[in-house]
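Chain IDs A, B, C and D follow the sequence of writing; residue 1 opens each chain.
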Amino acid sequence: MCNHYKEKITTKILSNKTIADNVYEMQLTVPSIVKEARAGQFVNLYLKDESKLLPRPISICEVDIQTNILTLVYAVFGEGTRIISGYMAGSDIQIMGPFGNGYELTEGGTHLLVGGGVGTPPLVELAKRLSGEIIVVVGFKSETYLVEELKKYATVYVATDDGSTGFHGTVVDVLDAHNLRTGKVYACGPKPMLKALQNWVEESQLEAQLSLEERMGCGFGACVGCVVKVISDNEAGYDYKKVCVDGPVFNSKEVIFS
Amino acid sequence: MKLSVSIAGVEFKNPVFTGSGTFNSGREFVEFVDLSKIGAVVVKGVANKPWLGNPSPRIAETYGGMLNSVGLQNLGVDHFIKEDVPFLRRYDTKIVVNLAGKTIEEYCEVADKLRYADVDMLELNISCPNVKEGGVAFGVNAEMAALVTREVKACSKQPLLVKLSPNVTDIVSIAKAVEAAGADGLTMINTLIGMKIDVHKRKPVLANKMGGLSGPAIKPVGIRMVYQAAKEVGIPIIGLGGIMTGEDAIEYLMAGASAIAVGTANLVNPSATMEVLQGIIDYMNLYGVTDIKDLVGVIA
Amino acid sequence: MKLSVSIAGVEFKNPVFTGSGTFNSGREFVEFVDLSKIGAVVVKGVANKPWLGNPSPRIAETYGGMLNSVGLQNLGVDHFIKEDVPFLRRYDTKIVVNLAGKTIEEYCEVADKLRYADVDMLELNISCPNVKEGGVAFGVNAEMAALVTREVKACSKQPLLVKLSPNVTDIVSIAKAVEAAGADGLTMINTLIGMKIDVHKRKPVLANKMGGLSGPAIKPVGIRMVYQAAKEVGIPIIGLGGIMTGEDAIEYLMAGASAIAVGTANLVNPSATMEVLQGIIDYMNLYGVTDIKDLVGVIA
Amino acid sequence: MCNHYKEKITTKILSNKTIADNVYEMQLTVPSIVKEARAGQFVNLYLKDESKLLPRPISICEVDIQTNILTLVYAVFGEGTRIISGYMAGSDIQIMGPFGNGYELTEGGTHLLVGGGVGTPPLVELAKRLSGEIIVVVGFKSETYLVEELKKYATVYVATDDGSTGFHGTVVDVLDAHNLRTGKVYACGPKPMLKALQNWVEESQLEAQLSLEERMGCGFGACVGCVVKVISDNEAGYDYKKVCVDGPVFNSKEVIFS
């Protein structure tokens, strides 16, 4: 009704193809999102099936300012992402964003980017934007993806749970094995990985930014549904912050994993 | 076309309100919505002091709806008066404050602090299913509902809406009891109590196990309850529960609501209030309805 | 893999039943389903004599669900015994007869006639919201529910399930009262009372104005109530409300149901019972569950 | 699971195009339905959007035994048919049928087929199958459709509410104007038309088969939702029959319009 207000954007899917078992890459032209995007932010994808109302938050994997193309990489996790994976190139999708704070970037120095599974995608845009020495450590169950993209910008170490590619073990094992205890840490991945990494950075006395996930109602701060426990000096000793607007990237020091 | 609605002496420019807890205090929506175009912003539940709310996950998607167990996380009434009232007053809309409390004293403490605040109306939430101590017990029993209404009405300066729980056997008797106890209006419905289990993890999706079911899935229950209550009470009703479109809103008006509120739809589509308002206007144009009042309660 | 379930001494080959009123007496489904593969056919409500039911329209679609106001149209118990029992007995499945009545006497008349019929179990419907006289009043009050349960139990030969209404403030107290009154099991939930208005015609969609809301939209309410009741009663529960898939069924089992019933899904997809059963088997295979019992009530 | 049992059929849409304002023709290949179909039967179409669970019953307009093509003609009435009208050729749809009794056909003589709006489609297959003298009277609000198809098999009279094509008035007006009081009557159309026709055939002492509509839950007899009032010799003087299996075609004499 009022064109100067922000709205859900309906846009055509340029491509939506599988890049690994159960993992898909979707490309879309969304000038407004591409223009604003910071590494570590996310977008909301909406399903066409109205029985599934809530947004699916997906991290921005890459944006291309020249072509206005937004790239998302997502795993088929449940029904919603399964349905999205079936959307064909040329069909419409509704999207909103970018949301969240994104990673804080510092110029120069060493940057240690740690990703696990579908926590890897945001590291691509991050690696692209950072300057200095960039080291990426990514862990997968078995099949790897986005490794070639990351190699364009960084030295990449790969770990797999089954040892099929790279190091047989976790990302923390790789960090230890290669003694990568240096630089600023940026991470995104499943909770157990982030929890292990939180311990590791504390021991290693490094600063880390962790990108968290939580179930969302809105994605833009309205429902207070997506909270994470953070350290607070109130009576309770903790408070709740919203992953969608106060995060998804948090200082490792403040996060309380339960 | 006359869209304005008068409730307990307060004039709302149109019948589109926001559902408490789905719009926060409006700040998150200014990018999407001109708040001056909404009849009222009904803010998230405000308690006497900050509440932490429940652990995560607090949200679960269900078929045509969602469950929430936010548990009324809020920063307390002092913060609200200091930060949110001045913010909202920048817009030409009415401010309705949803009162959260575990006891009558707590409700009254909030209402009392709001005496001197520039807000237009209060909404007593006796129906949130997410607070164990008291919160919900008030809403499911006619005597208790009447008691808390009477007491909070006595300590409130602004007109008082009472928000009813749908998790009851007999909504009409509660509506009548609350009316008799002095409520200036009713808001209905709050969420149905529901639960979802993650069969792979073998545990409830919500950390709090149960939560409030909202969204279009529950609309038929809301329409039914508003219809039943409107036939039996004389005070105005704010209808909500699953409103996604203008036609959904018209349904509530025809069932007997004097105004409506958009809840879950705001989360799914932040422009929802504007679209619902436009849908109401389109409907009125289509059928040549000149005053919104002429739609209220037309179902026999 | 052990799928069989024993309830009140009756052995069902698997936990997949049909929801009363959504499967008639099975005849309409023989093209789609091998009735011998279902745990039980729970037939449409049977009264002491033929009931005409309510006028049309009786069906309204809602978001993720539907409303019905069929009003228990049925041909009466004599016709049922003569025509439907022999038909169903051709299949290797259990027969559960849903009892419809407006008074205790009427229920007992049906139960009494069924003494000499070859049926396995009775299900007392004290919760159908579509019958004005009595039908629902029994279900929403613990004392009344206990009374009718006790009386009908006394006049029944077969084990008696009692089907509970979700339109109540306190499902647990009703479940406990019904258990204490001698019920052999509980079926829950029946439909929520809802309403839909056709805003163009300015009238309710259903001729009967209100109807029963069923389908996936109500699943979270069903799961919650089964969970709450299962914690407090010792008798088995048949869980239903919105089951569309095997995972939905597993949710009910984990919430505490010993068996489940597929209702509205049959109307949308006549093969639904078979698909739900297959889904349960797939789940058990995936997680190496060898006895269906091991899933029942695993949620703490 | 059991292939010898009947199931919903998923089939590709061959075409789905508008043939008049708000009216669409959809073609599908469904051998099993085409083989069984009788004139006056209907199919259930299911939406992909799972928030709308119930079937949309649509009459069989035409079947082609050679090509196995089923033709449906439907108006966009509410949300469901609006969504269906957007389904593109090449995409899948779920369908079940044929359902209902269909018209009873008699050989030879005069046949008077009366249709109103989207009650017209079933008359196409009916006209095709009847033998003898076939007269069709169809009424529309304004724009007409299927008239050319019907002319292949019948003498066609057209009426429109606004007089834009053919007779200015109702189908009953046409029947009177042309004094078409002869033969067996077969009708399908909106309730007011059928009601008027019921009176007219009674006055005219003709036999009529009326195809009725009612809101359905299942379409195959399970829910007892789609009933119509019929004359009965029971105490009440009426009984309820199911449109989906006892109909949609009823003897005009037994129907009680309320």
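Throughout what follows, a residue touches a chain if its C-beta (ideal position, glycine included) is under 8 Å from a C-beta of that chain, and two chains touch if they have at least 3 such contacts.
This is a predicted model, so every value here is computed, not measured.
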Chain pair with the higher count of C-beta pairs in contact (A-B, B-D): A-B
Averaged-CA centre spacing for the pair chain D and chain A, given as whole angstrom: 54
Between chain A and chain C, centroid-to-centroid distance (C-alpha), Å: 46
Whole-Å gap between the CA centroids of chain A and chain B: 35
Touching two or more other chains - residue numbers and ranges from chain C: 63-65, 216
Multi-chain contact sites of chain A, meaning residues that touch two or more partners: 50-52
Chain-level touch network, classified as line, ring, star, complete or other: complete
In the complex, chain A residues that touch chain D: 48-52
Residues of chain C touching chain B in the complex: 62-65, 67, 140-141, 167-170, 192-197, 199, 202-204, 209-210, 213, 216-221, 223-224, 227, 242, 244, 247, 250-251, 254-255, 283, 298-299
Contact footprint of chain B on chain D as seen in their complex: 50-51
Footprint of chain D on chain C - complex, ascending: 21-24, 27-29, 31-34, 44, 50, 52-53, 55-61, 63-66, 68, 70, 73, 205, 215-216, 264, 266-271, 274-275, 278
In the complex, chain B residues that touch chain D: 63-64, 216
